[in-house]
């Protein structure tokens, strides 16, 4: 519908809306997070739902303990290799449409613990992530900001066309491989369907020893 | 103490063989609303009664000790924040204390006062949140937790204006603290401390005499004195069983001998005692805070001789422990003279306190397990490290 | 007041009844009764679904205020479109059925739950002359339909093939059956007094006044005790805090509907709230005078408004309790049902009989109160089973 | 006692409910995007690089000494040194970073880089609204994204920035004085040399 | 009570035990007592129950890895070189076996003193890694010994439930050992350093670029 006509109608007291708008409006305003915390960031996630920051204002305080009823998975904290299969399984158990916020350095890339042998370097190796929040831990406001970013993202999603969200594409997967425990590492160590790392320009010049101390 | 040479091991009563068909194995966690993080309990149920319970750890094992062995002494300081992420400042203190012992560093008086103030504030907010989570586990739809977090935010504001971060303070340094108190901080802290007794009164009003709470906690998860000592339980859980052991009194680290405070002791060792001992400890913390905020002297905040960079203690080893809110938190360091510790070990109170979990839970209901676990007060960052 | 004013008030009071008649009257006679029933059903479904939506917002905002925060306030004016958004989302969300689940039963459970909840409204008089069917065994029908909920819950828990849902369903069954007994027994006192099982005549009996005071059953000792017992049992029947064990989040995740997603989950939610409304409405009908105004000089306010005002009040009390209390444990819940609720309801029957046969006057009041209070204290003592639950005193070490 | 504790609790929540309409203490929510908490001087989130003056490349204080890269506990800083030199904040010619990357998806906001920096070149920012949907492009910040003017630093950490400015000004004055002295000496030397050569020339003549 | 008196007390009460005081040169002055594994349980029981000590609280159990070192020494040996006996300097390399060490920090809750530090060592790091478990004496050692088993590979005989605790059950290595090689997951390293830089570079070549 034409934007001008719509605003004209609104002035007359008629709210015109399309199915897409209604659908997106409903989805974005009713993001029920999975009651699921991993580490330090989970405390800030709890703090964000507490009185001072009050995520409930956005209708996002209904922390559902069962993945079936949740829309939003906030991966809040370090995902260890021992935990990663359960996180993927939880994601697989969620009903579409589902979103993932990767909260904090650890969930994005392993963060400060990425040097550890049992730390997964980013949950996006196995599941698609919609919004990343850097910070260690991000402030509760940052989580609310991410929630709003996600809401804006949902708001822009068309129902048809090539840009439609993943859950509306019939051939796109809604379940992903659950990694298995190997002898030294997870198997597979990443899901290439989801995760393609770009090549970073690693300088081959030996600058590392210069200027120390 | 038991007369036998064996450690106390309360062996669960072996149920009849024909019962086994009725048993239900349930895995609680690692994603469970009230396992306080990623903790799993493999529970065998007879109806709703617990027959067996095996804790499973490691879902948050993020290799803290290994990383610290490849990190400079200073570089490990921010990692200690993330051990028990409720109480970064006490973790900082324990680690700083261990390094100070290892290198023989003295701490100026003002820094000692700041350390005590921050540690007691940490203890207060930890206990407040714990009680909130405990009642949450009992199903109190968040109201007490919200009140606890309301007060916690006041303390976090103080932490932020002092250290720059809400949770991960990274504040203490070997031989003192990183920055001095900003202007007006003492007044702000005094005002906050003055407002806490009212909060505690409210909290007791809300819950302490609540019949449902008493019915849910009294006589649930009784931990005997002897067993508690033998299992190395520490902190409020130990004192709720009636053992008078507080590292603040036993070791007198820092300048705790200058403050008059008392140690509340429980008699029954049940969940209610663990809950109440923490409430009373919060009141004692307030006493220490009032005194410390009154007496804090002027002066330097860090030993000027210690270097930030290139810190290399002589070969040797040191173990230091403090009374962290969760219990006896120790750091054990072995130096080989290089800039990284050769061995860096954390003695996690949460992990050791979990030793008693199975014995406390057997014979109780599923609903009691979450309450007992809540009253032990674990943080997975510290259990798994 | 003039006669015309009375007429006007009466017209407003009966506006829904008359408009329904008018709508139906044009139809052929053989369709009239069925179409009027359909109209009533549609009205009831719409009104109570709307009430469900409003209640969820009120609950979230009310809990928020109790917890020093705002609660939902962004979606629509003051956040009142929140349930709409939730509804749109639930409707469009994927419906997951576990592979191992019993597909048919899994599907039927939420439908049955909501149907059972709605069926109960058939006998509830929401206003003067506003009842779908005036069954002469209305109360009996209400409880019979209400017990369908148990079936639905167990179907949900069992068909999901999940250990937690089975635990939740078992808890729910045990709890609901245990509390059904005191629920029914608590209402029997009213049937004794009214001499009728019809909800309409029970309300009619209470809709008269002595001076300005109404004849509600709650204003008698046995009525008050009955009301309190009924409400406690109703809380347990509708799985509300502090009796929300079947879905005890912190223990068994989400209980029997753990495997439900999307709209089926929303149906469970709806069914649960509808159950709560229905039992509250029954309590209003039995004890609080149904649609009758609390004072004789307030009868000019339409009767359906009074009914809904009372309903909302009870809902608010439910929310308030939910915001405060922790949850009971299963064994405590059961012993409470069988050791306290059951004897008290039986005793209440006896007290109602005593009340009936004693001459009116202060003596009757005192006797009845004494007969209720003394056993209540004794029973609550014995509930503790020798364990002394008490506020303790602590010793301190230096 | 049966019921008394429950009633007390109910009274408490009711007090909070009604209190939330009258008292600020009982309605502590800060409605985030519109309302914000007051700025705290010491607050920190991610590091940024300070530059003086207008041009962010010319004014960058960093001399790429690699100390922060070395000390950063999670090793999230990556520096490559330039081959040429430019004057630094106090006027001495120094190397500058050709590449200065911080991977904020790893940074743990410990501010050890700030503590160890001898040039006051790296400081902690307070902005936290960095949520993005692109991890690779959005969270690896290069020199340009990291560079912030000194005015911004003064704005977010006024007290600290004032102290840093004072110290730098002093340093600058010293360097300038030194340079002036050196220049004077040089000039004198040149003059003397010139004089001597002229003398020599004169004598040659 | 000094460590020397404790040592003599133990020697008097636990016949046949071999003790050694390990001195600690650091300012902390926390010297420790090396005990022989064969008598460890008896010594521990004595320390726990004997009246003057009553070390009823085993606070901390630590595993330490001391990998074998390559010691190279120059030896002068006589050798026939071109038919002439000559004194030749030769570098002889010996590989020490290394050992795993377990350290117990004991306190007394009753008497409020401590720490008394006990150490035990295994014979090497490969096969002879058995040590007696002190969990029967102090229950608090249970999880900590399990952790040392998991991360260092010390096998505690007499432990009631010796399973992996932090890593998953199928895991093969003992990751806290100093020669543990981490799994290779350096596909994306925007800020690599040192050995990570090396491995990140390798990944680039493996991935077929440059």
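So that you can tell them apart, the chains are marked A, B, C, D and E in the order they are listed, and the count of residues begins at 1 in each.
By our rule, contacts are C-beta pairs under 8 Å (C-beta built on N, C-alpha and C of every residue); 3 or more make two chains touch, one makes a residue touch a chain.
In this text, all values refer to a predicted model and were calculated from it rather than measured experimentally.
Annotation of chain B and chain C: jointly contacted by A, D, touch as defined at the top. Between chain A and chain E, the least number of touching-chain steps is 1. Farthest from chain E in terms of Cα centroid separation is C. Taking the mean of each chain's C-alpha atoms, the chain closest to the overall C-alpha centroid is B. Ranking D-E and A-B by contacting C-beta pairs places A-B first. With centres taken as mean Cα positions, chain D sits 30 Å from chain A.
Once the centre of each chain is set as its mean CA position, chain C and chain E turn out to be 66 Å apart.
Chain geometry summary: the mean Cα position of chain B and that of chain D are 35 Å apart. If each chain is reduced to the centroid of its CA atoms, chain A and chain C end up 40 Å from each other. Looking at chain E, one finds that residues 166-168, 175, 188, 190, 192-193, 196 touch two or more other chains. Within chain D, the positions touching two or more other chains are listed as 1-2, 6, 9, 12-13, 16, 28-29, 31, 67, 73, 75, 103, 106, 108-109, 136, 140.
Within chain C, the positions touching two or more other chains are listed as 66-70, 249, 253, 323-325, 390. A list of each chain pair in contact follows: A-B, A-C, A-D, A-E, B-C, B-D, B-E, C-D, D-E.
Within the complex formed with chain C, the residues of chain A that make contact are 22-23, 25-30, 35, 50-51, 54, 56-59, 61, 64-66, 68-69, 71, 93, 95-97, 167, 174. Within the complex formed with chain D, the chain C residues making contact are 62, 65-70, 320-321, 323-325, 377, 380, 390. Considering their complex, residues 1, 5-9, 57-58, 61, 63, 65-66, 101-104, 227, 229-234, 243, 245, 249-250, 313-321, 328, 330, 332, 334-335, 342-343, 345, 347, 351-352, 354-355, 384 of chain B touch chain E. Chain D makes touch with chain C in their complex at residues 1-2, 6, 9-10, 12-14, 16-17, 20-21, 26-29, 31. The residues of chain A lying in touch with chain D in their complex are 51-54, 57, 102, 105, 108-115, 122, 124, 129-136, 138-139, 141-142, 144-146, 148-149, 153, 197-198, 200, 203, 205, 207, 210-213.
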